[in-house]
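Next come two complexes, and both contain subunit A; in the first it sits with subunit B, in the second with subunit C.
On to the complex of A and B.
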């Protein structure tokens, strides 16, 4: 049969049931304050890195919780661990530790050094 | 039926205290109403219009004053209650001016203090000229003139929700619940004064749960073109032209946002009043994690304290709007009458 070069695109939906949430589970077990995030964006607003790259800690938090790890893995290396984000967070999320633990988790489960 | 006797002292001459004193007096109870300021009315005196119908606060004060115009009420103004003690079935209250007042029952209606916005230093209140609070803006509405420090009119104004509320950095985890609708109300009124002024509300969540709040929100969008941006401002600075520069994340666009503003209005939240905190300590009254007085039961004892014969009304227990405060004060009156009739054993 003639092949026309069509491939089936992966659906855009967040496949919540099948997504891998080991990364976020690893983080929340060690830094439960991540549960308190209300996505206000204070961290991203104050972030020096976020002003120059597509790094948004708020977005990373939600992507991790949805198991959209592919999107996080590369972005997370931009963080300079300065900790300004934790100074503004109204919910007391230890944002800096979340990044730190995410890097550890990617190394552990993905064998991917971030 | 046991005869109803008793003197009730009501502490605080704001909305809750005035309404409760009036209702108690109508029921034939002799009331002493103590207010720390020289005039009755509490925070209402500072406000211009009320949400959601933008009724003049003077109308409400006039109603409350008519409530307390009763021979059963003795007014003490310019004095505070410093100490509170229960001996047997009686309360002894000592005032700041050194008086001692006896009471069979006490109603605390000590209200709230506005969050001191200078505590959020990153927003620059008290540092930058044109960073003001919702209370400051309300004072401008009363003067019928909205202007910047240099006398010019603002062309671009921001409102920042949740200043001192939902913020563990200042120790206030609770939602003050009135600031969202106040921002919407003030944004509309600002547009009415200055039709060309662009208005932006920066919010984390729009909590429009009261009667007619959502309708007001819609009116703000449809009729006045007020912009709502979902993101908390993280810091404010000024540029060389003395304009304010704010930084937020436009969380729905997923990108950082900066904006130049002429004026920024901080929506200050509500905190337990300093007087209330003092009374809680001297009277061994339970307070909650939010520092407001803790009621005996959230559902059916919200006016009842941990001391028999001592009751609460209004915003000394939690943030409330005027309608809720009046209902809460009436509830307290019910409890007091029941206590004086049946419970004072």
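On to the complex of A and C.
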């Protein structure tokens, strides 16, 4: 078959019942401003790390809220905590603390230092 | 019959110089003496070897004299508190120095007038009880007068202390520290010591017709309607009991600072510093905090954002009590205002950083023996990911240059400032290169402030390589956060300059000509540049060169933090804004044309809340650079020139 660069993506279901919300609950309890995130992507646009990799804080926020922690865990260490994202956030989310707390939550619930 | 028993008792005790009521005092005194000796031996043993040597050298050298002088000035007179707040200083001085004089002259009194020399301590403390007839001859009368004077001095301080507890404004403080239950018991016993001494001495003096203006007068008044001799006895018990209780509780409460501060002064003068791990010195510092509360009044989180539980005095206390210190340690701007104001000279920010780094440190102190001792424990290091966190950073081959410019993350968020500095670098005529023109790695300081030193080290190594490869001799940075970390944590063979220092050099060399702008400006000192790196004068000199700088009353040591500090991880945007608008209001009182700062983060934080325009020094200076009427060819080597300047060689 001729390949046109298109493939059928695998069927993917986000199962909110089975996904692990402990990490995001831990964060929101301590940093409620995460609730007001509108996923505008301003943080990803300005990100120092995002300049070098496909790291995106917006993606991380979404994945955390969905409870897809596996994907977050490997990426979150790439953040340099420089704080540019909190400067641009139009909703006043303390993004730096979100990353900081996420790392603590992984340490606490997964016993895995990230 | 009723009076015969006490009479016999009194005769007995005058002859034997002993009475059961001295037992609580003696127990307390010997307990605290043994405690202090044991405590200091343990502390000395836990010192690192170099620190032990420093202490030994300090003890037999010049620092010993300095320490004695400092102990007299700070622990007794409380000079620093007197300077910051006269009434509060008087309160501390009258209690500390007054009590010291009372003990000193009391001991001398017992030595001179007692039956023999070199008495046990209790004979000096309860001298009047054992020598009720004392005070008849003129010399004795004079001495009694002196003792009464000292007692009155102490009591005046005590009255201030009591009123301060209920209305802190009486001593000119906005806030006073909150206390634990044990602290309150100790406080009550401390408060009881001097009034009970006054009443006991007065009653005894009244019964024998001795005493001076205070005890004598009060005593004869008491004696006019009371059986003074009998009533005095329970008060002597009370005096002894309150002293004993105070001594026994002292190690558990903030009053441990009384003996510990002496050690702190000796250690500091011997050259020992806090460092980055919990150790003896940080323990001594913890216990030297008297919770005076000066740090609370200095804290902007307290007076702008209304957060009143995270100040350094509370940090010290909760570390001592083994409480959860996470919130206290992380909710702090690390502006260093409290470090500067601390009358004991405790390095408060380094201690906070030790707590933030706790995950990485292997030493922890925990309370043992019901809190009478704190002992060092070695904890297993938490499982860490072995893989480096920032291995995605690409290898770069920077252009060879003499001067490097590192804008840093924050300057990239302030493009006008970046352009201004680029134009300045062009005007300087030096061969320069822009390290992170298209966005580079972070300098590592934000990670350090979050307590993640290991990861910061990765970024430091990465940036160091770039700087080495370029072969530059000067590194200019426009961000004070970067400046501090380049200066302190990078091991580089380059001269690190903040852009204000670089501009000042240009002005001094005369390589860039500048106009004097007809503008009134005020200057906001960034914490990381001023207090934390000691660069106060260069920015102001540059500003005076190009504009008329007006003073705001928040210069140098008294400078404020804009609130945007990366040191605080937890502070909400709303509170940051509150702090920023308070600062902006203070600094723009004279309606200047510009509120000038030297930090991109301060600029970004102050800009939305200030009524005057906010600008960085570089922008003002770029405006002032004289634009030449002709352009030399070699000045066009950098095409990005915003304004081409004269004076290029």
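What to note about this one:
Here is the rule we go by: the second predicted complex is superposed on the first by the 103 of 114 C-alpha atoms of A that agree within 3 Å, B and C clash if a C-alpha of one lies under 4 Å from a C-alpha of the other, contacts with A are read in each partner's own complex, and residues count from 1 in each chain.
By definition in this document, contacts are C-beta pairs under 8 Å (C-beta built on N, C-alpha and C of every residue); 3 or more make two chains touch, one makes a residue touch a chain.
Treat the numbers as computed from the prediction; the structure is a model and nothing was measured.
Partners subunit B and subunit C fit side by side in the overlay (superposition on subunit A). When the shared chain is aligned, subunit B and subunit C each come close enough to touch A:92.
Using the contact criterion defined above for the overlaid structures, shared-chain residue A:46 touches subunit B and also reaches subunit C. Of the two partner chains placed by superposition, only subunit C is touched by A:100; subunit B is not. Touch criterion met: A:111 reaches subunit C, while subunit B stays clear of it. Contact with subunit C, but none with subunit B, is seen for A:83 once the two complexes are overlaid on the shared chain. Contact comparison for subunit A: of subunit B and subunit C, C touches the greater number of residues. Looking at the shared chain after the overlay, A:59 reaches subunit B, while subunit C stays out of its contact range. The gap separating subunit B from subunit C in the superposed three-chain model is 6 Å, by closest C-alpha atoms. Residues 46, 51, 88-89, 92 of subunit A contact both subunit B in one complex and subunit C in the other.
Those residues of subunit B that touch subunit A in the shared complex are 122, 162, 166-169, 204-205, 230-235, 247-251, 254-257. Note for the complex: subunit C touches subunit A at residues 359, 382-385, 389-390, 392-394, 409-410, 412-413, 438-442, 446-447, 450, 452, 455, 459, 564, 566, 569-574, 601, 604.
Interface residues of subunit A facing subunit B in the complex, by the touch rule stated above, are 38-47, 50-51, 56, 58-59, 88-92. Those residues of subunit A lying in contact with subunit C across their complex are 30-31, 33, 46, 48-49, 51-53, 77-78, 80-84, 86-89, 92-94, 96-97, 100, 107, 111-114.
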